[in-house]
Amino acid sequence: MKKPSLFAFTLVVTSSLASTLAAQSTESKGTLTILSSLPRTGSANAQTTTIVNGIKLALSEVNGQVDGWTIEYKDLDDASPQRGNWDPAVEAQNANSATKDATCVGYIGTFNSGAAKVAMPILNRAGIAMVSPANTYPGLTKPGKGEKNEPMVYRPTGTINYFRIVPTDDLQGVVAADWAKQLGVKKVFILNDRELYGKGIAEVFRDQSTSIGIEVVGYEGTDSKAANYRSLVTKLKAVSPDLVYFGGTTQTNAGQIAKDLRAGGYEGMYMVPDGCFEQAFIEAAGDSNLNGKTFITFGGLPPDQLTGTGAKFRDAYRLKYGSEMEAYAAYGYEAARVILQAIATAKTKDRAGVLAAVAATKDFDGVLGKWSFDSNGDTSSRVLSGQTVTDGKFAFVKVLGG
Amino acid sequence: MRWRPGPIVCIVGIAAILPLVELVLPPAAHVSEAVRGVFLYAILALGLNIVTGYAGLLNLGIAAFMAIGAYGFAILTCEIYPFQVGFWPGILLTLPIGALAGFLLGAPTLRLRGDYLAIVTLGFGEIVQDVLKNLEVVTKGTQGINPVPAPAIGGTMWTADDEYKWYYLFLALLVVVIVAIRNLERSRLGRAWFSIREDELASRAMGIRVERIKMLAFSAAAALAAFAGGLSASVLSSTGEPSNYDFQVSILALCIVIVGGIGSIAGVLVGALVMIGLNSIVLVKATAALEALGIGGSANVLLSPNNWKYLIFGLALVLAVRLKPNGLVPPRIERRAT
Amino acid sequence: MEPYEVFLQQLVTGLSNGMIIALIALGYTMVYGIIELINFAHGDVFMLGAFLALTLLGALGMEAWAPGWQLAGVVLMLVSSAAFCGSFNWSLDRLAYRPLRRASKLSLLVSAIGCSFICTNLGLFWGGAPMEVFAGGVAAAAPKDFPQLIPQYNLLGESAIRIVPADVAVLAVTLPLMIALVYLVKRTRLGRAMRAVAQDSTAAALMGIPVDRVIGTTFFIGGALGGFASVVYALYNNTIGFQMGYRAGMDAFTAAVLGGIGSLPGAVLGGLLIGCVRSMSDQYVELRWTNTIVFGILVLILIFRPSGLLGSTRREKV
Amino acid sequence: MTALSAQRITMRFGGLVAVQDVSFEVERHQIYAVIGPNGAGKTTLFNAITGIYEPTSGVVRFADRVVCAKFSSRVALRMCVATILCALSTVFAVNIQELWQLAIVDNYVYAQPFPWSEGVSDFVRAFADLFGTSGVITALAGALAGGGAAGVLWWRSRRTPDLIARSGVARTFQNIRLFNELSLVQNVLVGMDHRMRAGFWSALFRLPRFHAERKHFHAEAMELLEFVGLADRVHEAAGSLPYGFRRRLEIARALAGKPALLLLDEPAAGMNPSEIVGLMTLIRRVRDAGTTVVLIEHHMRLVMGVSDRILVLQYGRQIAEGTPAEIRANPACVEAYLGTETHG
């Protein structure tokens, strides 16, 4: 039985009260604000809660102070109740409130790549450094990967103010296809949830599969709110693939697909991207349906493989929140620390200074290993890992890619 | 008869001076950006008010026409397609595009009984999202189409920073829509709408072409919704994902009309202020306040204020309708005018 | 698999899914028939029923029970969910809908929409219950796994066509319910009172029928049907979530209208038709176009039969 | 020239035969009454005549013209156009992505002028050779659905009450159906609606035609309200009128459309003797103004006093027809109303 969360709750309250008190006591040269804009209402609430926990942990480590500057943190919600997930009007409002708040120097967000497209032009004009813990759509930073006018359209002033600490889908898709080849897959049936993230990675997987000789026997967009996928399973059993690859997340029914595959009598393998690398995926699918034949790719190393700062973070997280660290918590923590370190090294403690410092991040010793930002604002870290599920737990298989 | 300002003139008057008042207030109290959202939803709700308020046809899929307007406007003006007709021709073209879409859905279904039509419009709202998501060659699927141009009155093209320019543009367009609808309401067409809402069979026996009148109401509502869609795409400079125009938007528009006062323009304006105010000002400020107290973000779901939003929204609806069944500003049918 | 086997398998899936949609649609048709309200909250009350079933299952630890006892556990869940949803629906009517009897149809509809949001939020909180079955309540919003109490082996042995016990279970629960419901409405005194109130509530009141009590009972029965459907849905799909009420409600609406709203056999026919159209379209067209095809068929049928397949063409009383 | 002629009208609801084989004719400027005990099928006959129900069999002619949209060549032409359009649009909808790719995406180079001629020719060529391959099936499906739907929708709108009303027939209802929220003037103006020409645009932009028509019809409506004696409470809500006035307003609304034929369904129901005298003078003045009047009525003094000819119905069948004097003397009619004496 998991420890009752009451203990964790008291811990959180005391520590955050302590940190605010501590900040007041020493004389501070002023306050700098870091905002985060993530969908806190609706189905993505679980993943964004772990990200916010990671950010708060990073802040509590420097107990809310860098070089005498008090660091304030605001957890903004870019979702609206009646939409149930991110809302462009609310995201624009968050970005505009960041530009209007003179003390804001860092914007951790967004969770959905679609929301990033709304916030990036606004923050670019304001010159605020934007670090995403989760956007993986290649077109946001890499010319030629998205539309003809991407990413220039997100940078009206021409300067680069958008960075991300997660590898983009074009990397993860290729690496996943290579891994499938190594697992001896001949025929693959590809599904995608028709969302920006899922479809992007599924298309990269398809192109890579055809180029390395895996036969793509089917490519289907699924309905992420369907009750079950029994008719789909019958359709794919007719072409008998060795592997079913689903580009999607736990929220877009990855668990339900796993269940229906087994219930429909499909014996082959099932592979999913890092959108499903969370305990909720195993809970949703039921471990009996996943054991042994399910593979998950993930940008960076999983919690138990972390060494150095990663291991320190994992233990601090367990101590602070009383529950196992999730993959997204590492992303949140990393993004916050990048901004905090930038504030420390920034020549002038304002937006331009912090932006320049973030851009100049080199050989950052982070939770996801040692990496630096390239000219597009992407992480140079090409470390990806492959996991499988054995008796209800994620088990590390091997390092993939660079 | 001394000209005394009707409720509509008061509301528009207050809205006009709001930005000036805000100049003196500290930035934290700035609500003009949220109030701009009120104008947008007011235009959408005024459209819905024509078909549901005047003609009595329940339309549960008005968001679909908003999506059609947004994507139509984006395809006509975005630089990734050759049309690039510019903001003003584009935004004016959303009206016929919306009307055509209203006609295509209305023609086969307008003879249906009230609740059947409601379910058909509900279904239409769902499939428009699917179609926009699937036709990715045309609509770029879930990436949405961007950049969508803004108006360029006074030299350069506006950006998100020119807050007050957008504010007054939306207010001006809202006033134009109000005048247009008032003209329709106080005319032969308005009377015909009211007659089919009161008693369709009697109006048919008086020679009213009921199908044509319903079609006019349906297309006018669709045109206004498309117009609002074009405006929202322009101010966000992107159409956003197709699922941004889902059932929840239709329901918000419906609640604005009914909570505000069905069949009355002033009612819809008040309803928009209340519902959008509740949604983007009160809820956001409430959660920010709770956030400041350090609550939230913990494992226990009850403590995070964001998890209470559905409940507050739903409770507001139930209580509003229970206390004011005919809406906050019920319609005063203009018996004076003919 | 031979083409005909694929077709038969899709038919089996279509009928099973259709049966569940039909059971939910019956709840809608009952409530619509009596006070002409599209009860938006019905889908979410259905969801709460599923959450109750999962709580019971977790609390009593049914997973560890012997198969025989598990069957008893399923029956217990069916009955308790039905009772819970029935009384929940009844109290919805008592608190939110009864005061609006005299108000316009539209404000009644907004009240239903408000209740639907409230129930969704209750589902979100319920998902956070600190129980093992709810994954310790860590991810309240994430979909929850409903343990497979019914084994998934193929009843037809080695044949390519796969009929799992869950398909049979769906039939075993839904068919008797439908027959009992038709019997209740057609043969019993309560049924006659319900039909009277549906036709003309003022006339029924004049005849001494306690209208509000009859409407309350109809809400209870509609809710109970939703409760039964929720357990059948959970056992068949093995996943529940706090947002599942919306999509289930949508399909049930469409089925009720397709079959002719207000007619019980119509709701069943509509549900089965939608289930089969979905699985055939998944197989022979593309998955992503299925919703569009279902809508297209709905419009086409309503053009040629404006009051639904089995709907009664109620003549305007002049 | 007869104002209204009905031949062998039968109206069957499932097993029940409400009206059986009734035929009658009404001359112009005549006041024609239809009487009979309750449940004789009078109102059903009225509804069949005015298009609210579709008569199971029999023909109705207004001023010797059958008011029913015939399958003329113009209608056939519009049907074909609708079917072809449906076929083309279905094919376009099914292949929109390929066509869009060929015509626009392939020809458009970012930030350079778009070769329109080339784009259009690509589109036309691609669309044309679509019909060679699988496009034919989709075209057929579209044609079938579109044509079938157009046919059904046209068939149902063949004989709607508004079509009949616009051909100069107006009616009132047994239980008054006024627009209660609207004012008296507005109720009457709704009756005049089909005589107005100002449409959507003239209302929207307040064109001169709108103002002219408004003044003209407003004056006419006031005149009509005086004609029925309701001039003083013109701007009140119709719902607030006492019973007798509501009857008169409904008659005024029916007269507003300047009908050639006015059908009154129990206008005297619930009226006191003095109001009935007023009603009789009103009906005579309407008839003298040139409108043929057909009324259903139970009030014998009114019927005998005002009507030129009378039709008597019982259990849906026609049992007598003639002048008031003939009907008063006809034993079958007396028996129908007062029942038979029990002998001994």
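The letters A, B, C and D name the chains in turn, as written, and every chain counts its residues from 1.
Quick note on the criterion: a residue touches a chain if its C-beta (ideal position, glycine included) is under 8 Å from a C-beta of that chain, and two chains touch if they have at least 3 such contacts.
On a predicted model such as this, the values are computed, not experimentally measured, just so you know.
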A-B against C-D, pair bridged by the larger set of C-beta contacts: A-B
Between chain A and chain B, what is the separation of their C-alpha centroids in Å? 34
Dist(centroid_CA(chain C), centroid_CA(chain D)) in Å evaluates to 42
Using mean CA coordinates as chain centres, what's the chain A-chain D distance in Å? 64
Distance-wise, how many Å sit between the C-alpha centres of chain B and chain D, to the nearest whole number? 35
Send over the residues of chain D in touch with two or more other chains. 52, 110, 149, 153, 173
Any chance you could list the residues of chain B touching two or more other chains? 79-80, 108, 111, 133-134, 201, 251, 299-300, 307, 309-310, 313
Shared-interface residues of chain C (touching two or more other chains) are 117, 136-138, 140, 246, 288, 291, 303, 316, 318
Going by the touch rule set out above, what shape does the chain contact graph take here: line, ring, star, complete or other? other
In their shared complex, at which residues does chain C touch chain A? 1, 6, 9-10, 13-14, 16-17, 20, 117, 130, 132, 135-145, 147-148, 152, 154, 162, 164, 166, 233, 236-239, 241, 243-244, 246-248, 278-279, 282-283, 286-288, 290-291
Sort out for me which residues of chain A touch chain C in the complex. 1-2, 4-5, 42-46, 81-82, 84, 194, 220-223, 225-228, 230-232, 234-235, 237-238, 250-251, 253, 255-256, 259, 262-265, 278-280, 283-286, 323
As the complex stands, chain B meets chain A at residues 27, 30, 33-34, 37, 79-80, 133-134, 140-144, 146-147, 159-161, 163, 232, 235-238, 240-241, 243-244, 246, 248-249, 251-252, 279-280, 283-284, 287-288, 291, 294-300, 303-304, 306-307, 309-310, 312-313
In the complex, chain C residues that touch chain D: 300, 303-304, 315-316, 318
Within the complex, which stretch of chain B touches chain D? 79-82, 107-108, 111, 135-138, 180, 183-184, 187-192, 194-195, 198-199, 201-211, 216, 333, 335-336, 338
